[in-house]
Amino acid sequence: MSATAQKNTQYRRPQGHAALVFFLLLGVMPLAAGLVYAVLYSLGLIGYLNTGFTLQYWYIALTSKALWASLTLSLGLAVLVSTVSFFLALRCVIALRPHLKQRGVRFSLHLPLALPPLVAAFVSFQWLGGTGILARGAHALGLIQTTDSFPVLVNDPYYIGVFVTLLLLNFPFILLLVLDQYDRAGITEYIHLAATLGGNSAQIRRKVILAILIHRVLPTLVLYTVFLFGAFEVPLLLGQQSPAMISVLISQKFSKFNLADVPVAYTCAVLYAGVILVLIACFWRWHFRQSPNTEPA
Amino acid sequence: MKLLSVQKLHKSFAGKTILSSVSFELEAHKTLAVLGKSGCGKTSLLKMIAGLLDGSGEIQLNGNFVHTLPPQQRGIVYLYQEALLFPHLNVFENIAFGLRLRKMPEPALREKVDGMLEDLGLTTHARKMPTQLSGGQKQRVAFGRALIIEPRLLLLDEPFGNLDVETRANMQDFFKKMAQQQQITAMLVTHDLKEAVRMGDQLGYLDAGNLHIFDHLRDFIADPRTGMQAESAFWQSIQDAV
Amino acid sequence: MKKALLYSICALFALPFAYLALLSLATQWFYPALLPDSLTFLHWTGLHAGFFSALAYSCLFALTIGMFSTLAGFLSAQYIAGHPWRRWALVLAYLPYAFSPVIYAHCIKFFFLVSNLAGQVTGVMLAQFILCYPFAFLLFFRHFDADLRAMEDLSATLGASRTATFFRVLLPVSKDALRLCFAQTFLISWFDYGLSSVIGLGQVRTLTVLTYQYIGEANTYLAAVTACMICFPPLLLLWLNQRFVFRSETLQSETA
């Protein structure tokens, strides 16, 4: 074979490598560098108070009830909001599907897209607070006499205000997702098929609609759960100081004047990153198990 | 006169051999139909000839080595199973695409595209967008878009695979007619036995990266791997039963 | 009953915007009044320089970030989508995308401090780009699917150079994706609070940072004004996008 024969054309590679380097430099490296810095800081190897390698900040973080409460609260709330959003969306799609495709309705469903979390939290505060619109309505109806009689719905220990606001922000996305997947999966045909095979409506709902849709939306639901897990603005305005959601807790630790809190804050950030990595791994695993040859939607 | 000569084309990916030292020649104005099952390396073979996939081996076109040239300079058009019409261009502009790249003067371009539209039977559809066409019409436009630049070689990767039986048969006839009329040299890969026999002047069989070219149709029929004998036997048994 | 439920849901989603508009025009709206005593444009006409500088920063960041991250995402995804390591790139892109921006900001703040970018306009811009770019990459990565790559190959075999394929095929075919990506990255930047407040060190005040400041000061009416300003561009984008989406849906159903 001649020398030229070995040198067959390489159609895409050179640009592909350059693009990959660019992507790694600006898309991945900042986070990687930040995490390496956080790990080194958490081990006492760098930072204002560094005294050499130590595990004391990890010990402080891992034995901190506030951190575990925060992680549990954040993860629990994220899973709860995602789950409730999904089942509410499913219910709405089953009951209202033809109406949801009307132009005006679709526009309304997209409206929360235009509502940033900070503004949504502000509006919720104005509505759910002790002197908010709901309390005023209750007063006008004679249900309460003073603001103290109105239930505490913001900065409350049960995170009701945060839950409601995150649900308001999250539900429309999930509704649109379920609606889209319902059509793409051709659920109507499956329903007809199941009915001809003798399934009653409850069985069809559970064994056909839910079974098909849950598999199709699960990866995206996991991704939404990851976003909700790191929610910041809403719990910052509507949550409590303690327990605080993880983003708020880490932010609080970074913002304190006590320098000894900074390494612990970095440790918490590393732990948060660990949880995110596990959730993203779950997302990929579920996605590739369902459709090994495609990239997620 | 031989137009295409392929020598020792080899491609492997992740330790798996896709094409194993494939060599063959193709006469000018002839169609080579290569039959093969899914995953046998048909698409890789065509893409390597077109310059869209790297690998080793030599490719000569009209006696000139082309395997080191980028796809733009080979004069080889590769047509997919899907028509892949540019969605932002209408039928006329889709067909004119290659001529516009070559900066052909507008009057000559119009004349040539109008002629092609007439040959394709699509004159009344010139201003339509791709979404307004049927599957067969789209495939015709795709052919027109390729043929108008007078490629030295046309590579067809299961070009009628997405069409229904009737349209498929019509398109096969259409291609035969165009190939004759425009003296096209083409290489077609398919998993459809009937299509291969119907369209190929020369027949080949690709299996696990090895290409075997048959000298005569009878050799093709005699080879049990092609499935020709089983197919004939099946129809014979039906006829006997009736 | 179904319609009542449906319209209630729609009204619930529209209500925050109506309420913000009303609050921004209200004066002396104290408990337990259900509606304000009077409406006035006082809060809108009396806006100070700080508001306009925040508006200018937000516009500058959102437009620049929208433009650059869309461009960078488009170009890199175009090549990486055909790269043998494409799946790894995709996996990696999800990490910054999924990370909480405020925690991300705290982790990278050190690098901005040592490079004198913290508290600077360029610093906030770079930080927002770092946040938006993986998102744009992911969006375009899905866009450059097998069909589009096949179209790119086809254009090459028809004789088009890379430049010709880019301008004559890829750009026109990707018009919708480019528009969508610009709108989305514009909004990520426009809505950002966590990253801007941490990297900006409170010195680079965007509309969200200013809104948070007003909320902290219990300056409800001005917070409503800035909140309205934050909501206006996305509402406009949404309206334009809906018009476009419905127009193309109608076209497709007519031609199908």
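Each chain gets a letter, A, B and C, in the order it is written, and its residues are counted from 1.
Here is the rule we go by: a residue touches a chain if its C-beta (ideal position, glycine included) is under 8 Å from a C-beta of that chain, and two chains touch if they have at least 3 such contacts.
None of these values were measured; they are calculated from a predicted model.
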Where centres are the averaged C-alpha coordinates, which chain has the largest centre distance to subunit C?
B
Between what two chains do the most C-beta pairs come into contact?
A-C
Averaged over CA atoms, how far is the centre of subunit A from the centre of subunit B? Could you give it in whole Å?
49
Averaging C-alpha coordinates per chain, one finds the centres of subunit B and subunit C separated by a number of Å equal to 45
Chain centre separation in whole Å, for subunit C relative to subunit A (CA means):
17
If I count partner chains per residue in subunit C, which residues reach a count of at least 2?
156
Residues in subunit A with touches to at least two other chains are numbered 11, 13
Touching two or more other chains, which residues of subunit B qualify?
51-52, 70-71
If we count contacts the way the header does, which residues on subunit B are in touch with subunit C in the complex?
47, 50-52, 70-72, 74, 76-80, 82, 84, 86-89, 97-98, 100-102, 129, 131-132, 145-146, 149
In the complex, go through subunit C and note every residue touching subunit A.
2-3, 5-6, 9-10, 12-14, 16-17, 19-20, 23, 30-34, 72, 75-76, 78-80, 82-83, 85, 87, 89-96, 98-104, 106-108, 110-111, 129-130, 133-134, 137, 141-142, 156, 187, 190-191, 193-194, 198, 208, 211-212, 215, 220, 223, 227, 230-231, 234-235, 237-239, 241-242, 246
How about subunit C: which of its residues touch subunit B in the complex?
147, 150-151, 153-161, 164, 168-169, 172-173, 175, 251-252, 255-256
Taking the touch rule as given, give the residues of subunit A at its contact with subunit C in the complex, in rising order.
11-13, 15-20, 22-24, 26-28, 30-31, 33-35, 37-38, 92, 95-96, 99-100, 103-120, 122-123, 125-127, 131, 133, 135-137, 139-140, 147, 168, 172, 223, 226-227, 229-233, 237, 246-247, 250-251, 254, 265-266, 269, 272-273, 276-277, 279-280, 283-284, 295, 297
